[in-house]
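Think of it as A, B, C and D in the order they're written, each chain with its own count starting at 1.
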């Protein structure tokens, strides 16, 4: 079996997920080395995943001639730079989202990728979730006719630490960005205009940090489809991830995923356990599938399923959404330039 | 048992519903007379509902000293006038929605009602539906904490005739008006601003008549709650009537109602029958309950549960929604004046 | 509109249900008189249902020449006798189930009915429930192919008073009898053999009265279909009424009915309200439909949908079920004779 | 990390599942060698799972001093013999179900295991499924009070080849055996008596082979709980695996598992995709969890969660069930002796 030699950059939470999947779930992957300035974290992941080498400086990964592809899981503000460096080193690239908060930096990185002719996949893992794939399939197959509405509900179980909120780029670039990608993916068309409203309802500290925690975004697609995204930083019942597409011939919607399919009838109510509570439980399989898709794309020399432009446009949407909120008016994506 | 003598004005589709409920489902009601210029229609309803008198001219109802209350089911453009006349005649009034499309006429009618001191209930029957009542109850009881979002999906199985579209006042006053009322009812707060987008996706003839058939309205409530209403004139799977309220302590949402609770597992799919297809099937019980509430309010001299102001505000919202669509900007309700 | 003059015998709980339906829900029915030794109960029903006459002795109903049909809602031990008398008086008969606990008395009554040529319908209302009708329809239409299994779950919210248990004929004749009828109705075939096991798990007093409160009955149909009935006198979550039929081409099953379709997501669980709790709430519409079917059968001179034999066979099944339990062996229905 | 050296005996369908899980999903397992007379099959599994050694004769596995535990996935008629040999070789043992169809052979094997003091776990993987664990947890925690009924529905998507039917030991030992185990697991009590009925409805060839394809088994537990098992060899809609336990304080039931949580509303019906169709899709995770439990039990020197007696009793139940069918009478388990 042909195997792809992979270097992993970053041994934090998501780096560990990718390392485990590369080591144990994807037979065609051969993780060779993992890099992190936190040597202890990197060593722990290497041990549990049987990765032979650990380095502190990711440049050693880029300089390693055996490494054919890199998986970038470092902090967001380093993504664009490392993408550029990896491209110049001739490595294929899987990069966690977002590439950057700055369109200018994204564009520079994408230029490098194009120049080097390496493959780039951006980590919008939710596209690989079985529920959302089924919705996309229904749209593609015409099971619901022409789409008229798309609704995305995406609520986190609890807000991130304020320290993170301060550097995350704001809710639109940190949280809604997944939903912007989802909207484009499900409908298969571009959004031309957004209108945003929002509030601070969960934690006043989030407001003090200049961000929102409860937002509603209206999307107008090029084909006339209308969409909404509803985000909250805190759903007490856990991770709420649902979509609905309504069209001329029907509708399709998804429910949340649950740890079990048991229903209890008690003296007070009929009930079931809470849905899967966290993205690592909810999207476990999607992380495997996206990485398998990346490895396959490289090994078979095919386009990656989430390209650089797919990484760029949701950032444009996030910037437009914020502008719309600030000015309380609909904003066209064409207004946002690097 | 004390019974209230009622006169019914209008023997069309909704008049027939109210007549049957008054005759067969509400023991405290005593329908005395039904009026319609279409004497044949009125006579047919009177026969099946055992109503003793039929008249062509509704003034005879108003002049009938035995009649204590009237139920106005005539065409929309006569509502405001008849409300005023009935008030002057000292009759308590149940009036189908909307009172009028003109705020000026509504205000004149409400002045007459106030002056006469009679009771007025406007026919927003959906408030009396078991599903939506349960949602309202959850909000009132604090079961979901403070509301942050309300989403209303309201899709008709098929568009009305073009002849109706031309005189209905447009989708916002004819269809969304129910959802504007629902939004106010569920949250128990006023909306301050709306933003609307819309399209013609179902039938180009609707566009030629100057109307829309696919609309999305964003609501901003005085307490910071954000809302959406999604309307389509045509859902091929039938009448789609769902709401969701999300709050600081949880969420509540309703499913559609079905003719039966049977699930079939076949070789191709797991399926169930389509939901109840039409408002007369879906909302059957709510029409009984709203009328029972009106009869009770009169007999027990209590306020009606849907007052004149409840009839007026959704019209303001409808006018604001249209203005927002025309100008593609958020519109404050305060901008709309009689 | 042609209306059938009806006399009602018995003004207890179920008598009141039938009286209200005859008065308010079935336009073709004209309830003329109600009889009960408890004159106060009869008068109260007559008042609320606008029934003109009240009598203490049901014979007056039978002697009333205007009365065309009687609805027998008296205590079970009087059913067979009154059926016979009503038949001799030439009245069409709707009789609550069971006709009697004694096959001999049932047979005598059925002989009288046959001799008089009057129509008889037995009150197995559940056949008229929308859920079970849909299951029957699926079987008839071949939607699930040839039936292989039928499972009936039928659990009461709480046991009847011990005083009732002592005279009810036992759980098989008082409670399971509905499910025996349901099994025959759904499959459309006769049962040849039953095997029963049971226990006293809910209340030891029920055991002391010689009865069971938790029973499981296996049914073997003439066509090879196998069935189970699961009965409990007490389900703390309310009235549990579900069936499933599995066949060569699929399966169909029903869920319980609920007061609303709202689902609440809270911090501890996802939940909904308890199902409709009592047969009068759960089967409200089936009582209307069964009576409408009876009135139609008489007015249109067609066979009633639940005939005398349909009333007799479930009693045979109940006697066989008890014998099986007593002897801990499968018992063929052919072993049970009048 | 301490790892357990494991030898795998049998490289067929289930052997491959266990090999993959040991190789990729269970960090504490170190699969050293795989044995199969079909060398090609063994080599293929070894390659994909990176297992270093392949042998034709399983005795080489038993003689390998490095091997600490064996996983027996050979044909059923070799299980008991290999269990005995492995025990004498001092290896801990995971053995696929059933240990044998003969109680005598099972007892001999269990004597060897006891004498050697090695650990034995029998492959009743369904106990480790999230749905059934949740039901068991509800019973243990008292969430539903004292159990009164347990119902198990277990239907295969399609019958096995007739060649398999002829040697499988019959439906009770080949298919129902899982459900016998499930019944004991869920209730945590022993069954004292069974009553069986059955038929050939799916394929007459199965009948010619002396077996049944449609069976219903009644279980009477020592604590008075009553149970049913419903097995069919063919459910056209796929793998149907549901249970319900009803008790004094409530009920818990499980639904099937689905490939996605999408619901489609079309012009004809509301539908969703078929459930997971095959035991390898449906029970994927349970195979991982059971093997993890075995590895943990050995490494931590704790009892295995499914012991030899747990492997023996379902065979007794299967023999009793067949006897009950043959004689059409309830059969006590005490009647079945080695």
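The working rule: contacts are C-beta pairs under 8 Å (C-beta built on N, C-alpha and C of every residue); 3 or more make two chains touch, one makes a residue touch a chain.
Treat the numbers as computed from the prediction; the structure is a model and nothing was measured.
Traced through touching neighbours, the fewest hops from chain A to chain D number 1. With every chain reduced to the mean of its CA atoms, the largest distance from chain C is reached by A.
Each chain gets a centre from the mean of its Cα atoms; for chain A and chain C, those two points are 58 Å apart. Computed from the mean C-alpha positions, the centre of chain C lies at a distance of 43 Å from the centre of chain D. Taking each chain's centre as the mean of its C-alpha atoms, chain B lies 39 Å from chain C.
Residue positions 235-237, 240, 249-251, 265-267, 273 of chain A are each in touch with at least two other chains. Residues of chain D that touch chain C in their complex: 145-146, 148-149, 151, 155, 195, 197-199, 201-202, 214, 216, 218, 220, 224, 226, 228, 230, 232, 234-237, 240, 246, 248-251, 328-330. Interface of chain B with chain D (complex): residues 235-237, 240, 265-275.
Residue ranges on chain A touching chain D, taken from their complex, read 1, 24-25, 27, 47-48, 130-131, 133-135, 138, 143-144, 249-257, 259-267, 273.
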